[in-house]
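Consider the two complexes below, in which chain A is the common component and chain B and chain C are the respective partners.
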Partner chain A sequence: MHIVVCVKQVHDPEVAPALFTINEATNAVVSVAGLAQVISPYDEQAIEAALRMKDKKPDTKITVLTIGAASAREVLKHALSMGADEAILVNISAGVLLDSYATAKFLHEAVNKIGSFDLILAGRQSADLDAGVVGNGLAELLHIPAITFAKRIEVVESKVVVDRVVDNGSEKIETTLPALITVSNEIGAARKPNLRETMRASRKPTQSWTQADLSKEPMEATEELIKLFIPKKEKHCEFLAGTSAAEQASLLVRKLRDARLI
Partner chain B sequence: MSYRAPVSETLFFLDHCTSFNAIAGKGAQAELSLDLVQSVLEEAGKFASERLAPLNRQADQIGSKLVDGKVVTPPGWKEAYQDWIAGGWNGLAGPVEFGGQGLPVMVASACFEYWSAAAMSFGLCPLLTFAGVDALEAHGSEELKKTYLSKMVNGEWPGTMQLTEPQSGSDLANLRTKAVKQPDGTYKISGTKIFITYGEHDMTDNIVHLVLARLPDAPAGTKGISLFLVPKFMVNADGSLGARNDVRCQSVEHKLGIHASPTCVMVYGDQGGATGYLVGEENKGLHCMFTMMNNARLGVAVQGVAIAERATQQAVQYAHDRKQGKAPGAKDLSPIAEHPDVKRMLMTMRALTNASRTLCLRTASALDRANNASDPAEKKAAYEEASLLTPVAKSFSTDAGIEAASLGVQVHGGMGFIEETGAAQHMRDARITAIYEGTNGIQAIDLVTRKIGQSGGETLKRVLAEYRATANEVAKSNDPAFGKTAQRLNETLDALERATKYIEAALARDQAEALAGATPYQKLFGLAAGGAYLAQAALAERIESRPATRVAVARFFAENLCTQASGLEATITEGAASTLFTESMLVA
Partner chain C sequence: MSDTESLSFDVVVVGGGPSGLATAIRLKQLANEQSLDLSVCLLEKGATIGAHILSGAVIDPRALFELFPDWQSRGAPLTTAATDDRFMLLTESKAFRMPTPPQMENHGNYIASLGALCRWLGEQAEALGVEIYPGFPAARLLIEGETVVGVMTGEVGIGRDGNKTDQYQPGMELRAKQTVFAEGCRGSLTKELFERFPLRRNADPQTYGIGIKELWEVDNPLHTPGTVMHTIGWPLDSSTYGGSFLYHLHENKIAVGFVVGLDYRNPYLSPFDEFQRFKTHPAIRPMFENGRRIGYGARALSEGGFQSIPEIAFAGGVLVGDGAGFLNVPKIKGTHTAMKSGMIAAEAIFDYLRSNSEQSVISQYPARLKSSWIWDELYKARNIRPSFNFGLYGGLLYSAVDTYLFRGRAPWTFHHHADHLQLDPKEKHAPIAYPKPDGIVSFDKMSSVALSNTNHERNQPVHLKLQDASVPIDINLNLYDAPEQRYCPAGVYEIIRNSESGLPSLLINAENCVHCKTCDIKDPKQNIVWTVPEPGGGPIYPDM
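Presenting the complex of A and B:
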């Protein structure tokens, strides 16, 4: 079986917002020097899902695919250190902003160039823009079925059975291969690369493609990012009326409900 | 507070300012490449930030405790250690023939910085195992290596280093632990050892103690010390574990910091003596011990870098987050990072951290050169360079860790004094580093009495010539971004050269006079070395046309910290008389 996992490099979501600023002229995120970029955590879990399938069926091949600047090689190396077999970087200039549609088109061309595959996995959404569109878009372009928010994946012969997260529970869906599945965080923690696999990773094949290798058509964003900004935090203090603690507590509960916080 | 391993900083220095490229791809390091090391550093850093750092605060609060004769480590500690072994991290620099990866000391030091920054108490266990592996590999019999080394290299059986006794701390001549030879060739060990890091714990099935003891007929003093391997559980012929050996933990110390690291009082011989195996030759234990100590000293130096980095990251984040008052020229409330005095503190922390890192990596680099050189003269020169730099790296980096951690508390203001903030833990944890594995005062004695005179002073001359060449190169660059870096570096080197002449003359005249100035001399050496190495990184950065952050750090170090050189020189050359004169006045 051949699994292609699509991954994205993002600014580290664990880093405090105080260490980021926005360049208003370019709508780009600027971080304090030395802060590394990381693999989007949902995508890391998609690799984990692929590796669990490989654990069961060792002849499974896992190819990791990303689009990005040269620095995106780092997330590929991480994926190889986790245990993926091959990696492909579609190299675009730093600072080029792709929207979900252009990203899906790029990935479509790249998957076509890869050739045969049985399964495509991706995170449910990226940890930076949170659109959650690219996976479905890619499936649409490839004319294959898509199942989103997977928390468990099992391949049975030529079919895949997926436990999919829905409000208040999960549902079980089966489809034929090839298919695309987006992976949700409920799948569980991604494994930590061990030293031996990390050292082996440097010998695994990594390819770098440019847009010219994929298509002559321009693959530009169709959306325009008008403004990127860090929301201003505002604090309001409100004293609850009421003559008893119980009355104040029920008022508090109502307010939290109105604000959809509980 | 999260921690992020400074991988790009480490990698840049390895690439441009060490022997990394000279040894990579050749001989025993045939597979080594910068790309490979980057992956290793990234993943070691992730293990540090994701697996260890989240445990650090709780582990400090709960600590390791002795419960019913057993040492219980804090929640999550044992699991983290098992993950550490499963990840193969313990074998990073271990010998290949015993399952290690044989990576250079430089890479191991860099990774050790990350793990120690994430949780210093955790890193101590592997640090002592690494030291034990080195001693056993260099001096152990084939039988001992076969039985113990693979398990120590992979971390399944961690090692301890047992030197100190109540009456015998820095001075090992008074050591009393007894070893009596048995007819089967083993030894019965009895006595008490104190301050034993991870002497007992619940993280693994077995522990391998390396213990200094004295034979009944041994000569007095340090020439009568032997080194023994004493397992917690005896090992059967098939490798399975047998009976419990006659060694136990009597108590766990209550300490200022590193609470999660159990510091044990170990008692040998309640039932007639613990079974021990001789490592090396009888009465040659001091030599074996120095193999352990030298590596542990560099490890402790790296702990200084680690704690400085952790404190700096935390302070930088807080200072960007916390708004108070208006910085000069600002219209609104400013993050405190924009106030000049806070900037000064943050830059001091950053400069001390980076300078310490360069010193440690250059010491490791010299060791790697020595380990990989085939020419005996080159090997000797590289080893002597490492020997010269070790006390400087140990003292400068640990002092830097303490200063940076203290400044970290200061940057946090009142919140820094509150334990929940986490800044105070770094300050408490850092303090021990200037004390253990040879106090920084002992390092200074080692530097002035043994190290600067190596090979008739040639090693020192070569190192100083390199620093001078760096200063001249900065001057030649004519880059205004360097400000007065070259001038300050040259002044520091002038002061160091004059101070060296004074120390050499004082040693010949009256050793006390030289020793009175040993610590300020060591500090002056650290300023010259740190300033030069930072400038080397800055020069490399300029060639690569990168943003000039390293130039800024090198300049700050030279213009704000190297300026202490003239004061230190005066203390060294003029302060001895008053230091020695007031000796009697210090008695209360």
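Presenting the complex of A and C:
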């Protein structure tokens, strides 16, 4: 079985927000110098899902695929260190902003170039833009079924059975392969890279493609990001006058009424 | 042991700081020059090279020039030349400019981020063929007979209860003909080596400092890239060794920090709060008022210098860098000596391995180190730090005499004492009333630690181990009012009281640990032992 896992490099979501600013001219998030970007955690869990299938069926091949600047090699290295077999970087220049549609189109071209596959996995959404569109978009372009928010995946011969997270529990869905599945965090923690795989990672096949390798058509965003900003939070604190609790309570009620909150 | 995976290298380097990277680079330079196959593996506990690195830093490029004569054209990130030195004595409301001591003149040096320099060194090392594995701490020594034969990496997936979780991955044995310990100040394996081989038997006790640092972005006409400022005096009392540094970098950045000698006596002293109070001084505050704090962290440093250097070579391994204690205190610099020690070790190891393959004592390393400029530099500086046992003014006066009159060659050598024995009982001091943080230039501990991006897997055994669980209350709280609450710059240690019985106990918030090692040093009974946590844990410093 051949599983392709689509991953994205993002700013580390665990890092203190104070370490980021927004460049208003380019609408880009800028981190302070020296912070490494990381693999989007949902995508890391998609790799984990693929590795669990490989644990059961060792002849499974896992290819990780990303679109990004040269720095995105680091997330491929991370995936290979977790145990993936091959990696492909579709190299675009730093600073190019792709929207969900352009990303899906890019991935579509890349998957076509990869050729055969049985399953495509991706995180339920990226940890930076949180749109959750690319997976479905890619399935649509490939004309294959998509199942989102997976918390458990089982391949049975030419079919895949997925436990899918819904509001009040989960549902079980079955479809035929090839298919695309987006993985939710309920699947469980991703394994840490181990040293043996990390040592092997540099010898695993890694390819770097550019847009010219994929398509003659320009892949431009169809959406335009107009303004990215950090909302200003304002806090006002007011102490209620009054000497007794009853007096303060009636003052509070009056204030809440004035503010039309009750 | 049979199911433990094992791999062999010619050299394993423990630690990806300036000394470890310089060792690895020099080894591969020599091997490549002579077309010899030499496998060098470097382990680093931080998630990336540089993630756990913290220093002032004004860097003397001497060793870098020797390692890469073309470092400038290779793009080493030393770009802010130090142009202006200011040495100030602070009182509560005033600042007096003092003559800059010659050791503190920084012409030719660079204000830089040591984290950025290490990342760059890491790239150079990888290009030369060093195998670098960040995120994999060396957790245990491999010793056979009386010989170090390598290290074991940390296990993953041991739960808080000590049982294996479903994430369990065993550690791996990395065997080497020589293992280079480059763990930095108070390395946990280095400490074991000190005891195992007794490497410190002919050395003074090491004495330490804790450095706490913040990185700021300012938009301020007072910001002048290249300015190096150090202060002594307020807010510390004159019997406590310490002071501040304030370095103006390019791109509107300021590195500011405070160092306190860990031989301080007052158990109520809080290095963190002294630092926060320092920034409120009328001569300092305006620099930060419109700024934004973007980094916070802390690290212990070795201040013992010459007298405290242990034996640095033993069967199967060597010590390099600040783990051995090559920092030059009056210069306030250790990067150049750390790198140089690694380079000397690399050359000695390389010469040895060319004709031998068994683990042995590389006696050429200490021999060559003693004839290098490190030894001369540290010898001349040796009496400055201990002279501050006479207090701030006695130390300053002695240092002037030692430097100008004797030029570092006074016919005597002062000795050091162990820091953990210096605390006075709480009755001898009154609690210090530190001002509340204003949220503009001074902050509380928790919002500070948040900026260090520190993270540890919660479900793991506490990596700060107590040898005796009764000591924190029976001794530390009763005699010293639990000083770990104050010397820890990350709020790891907290005395909590049972809501019903009112009985106190020590809570260890190990997730907050920024790996500074201060607790391992200052705990009065040496009851706290810092061990490496699960791989990947610790701070993520941006260019610190």
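Criterion: the second predicted complex is superposed on the first by the 235 of 262 C-alpha atoms of A that agree within 3 Å, B and C clash if a C-alpha of one lies under 4 Å from a C-alpha of the other, contacts with A are read in each partner's own complex, and residues count from 1 in each chain.
The rule is short, and it goes like this: a contact is a pair of C-beta atoms (placed from the backbone, for glycine too) under 8 Å apart; a residue touches a chain by one contact, two chains touch by 3 or more.
Just so it is clear, the model here is predicted, and its values are computed rather than measured.
Trainee: What does the overlay on chain A give for chain B and chain C, a clash or a fit?
Mentor: Superposition check on chain A flags a clash between chain B and chain C.
Trainee: A:30 in the overlay: touching chain B, chain C, both, or neither? Say first, second, both or neither.
Mentor: The answer is neither, since A:30 touches no partner chain.
Trainee: Answer with first, second, both or neither: which of chain B and chain C does A:77 touch in the superposed model?
Mentor: A:77 sits against chain B, while chain C stays out of touch.
Trainee: Is A:253 touching the first partner chain B, the second partner chain C, both, or neither of them?
Mentor: neither
Trainee: So, A:131: does it touch chain B (first), chain C (second), both, or neither?
Mentor: The answer is neither, since A:131 touches no partner chain.
Trainee: Looking at the overlay, does A:196 come into contact with chain B only (first), chain C only (second), both, or neither?
Mentor: Once the two structures are laid over each other on A, A:196 reaches both partners.
Trainee: Stretches 79-87, 187-195 or 241-249 of chain B: which one clashes with chain C?
Mentor: The overlap with chain C comes from chain B residues 79-87.
Trainee: Both chain B and chain C contact which residues of chain A?
Mentor: In the superposed arrangement, which is not itself an observed complex, chain A uses residues 12, 14-16, 18-19, 32-36, 192-196, 198-199 for both chain B and chain C.
Trainee: Under the touch definition given earlier, write down the residues of chain A that touch chain C in their complex.
Mentor: The touching residues are 12, 14-16, 18-19, 31-36, 189, 191-196, 198-199.
Trainee: Would you pull the chain C residues touching chain A in the complex into a rising list?
Mentor: 5, 7, 47-48, 50-51, 113, 115-116, 119, 131, 133, 135-136, 153, 156, 167, 169, 172, 215, 217, 251, 292-295, 450-451, 453, 455, 535-536, 540-544
Trainee: Using the touch definition up top, name the residues of chain A that touch chain B in the complex.
Mentor: The touching residues are 12, 14-16, 18-19, 32-36, 74, 77-78, 81, 192-196, 198-199, 201-202.
Trainee: Under the definition above, what is the set of chain B residues touching chain A in their complex?
Mentor: 2, 4, 6-9, 31, 33, 35-36, 38-40, 42-43, 46-47, 50-51, 83, 86-89, 91-92, 101, 316-317, 320-321, 335, 547, 549
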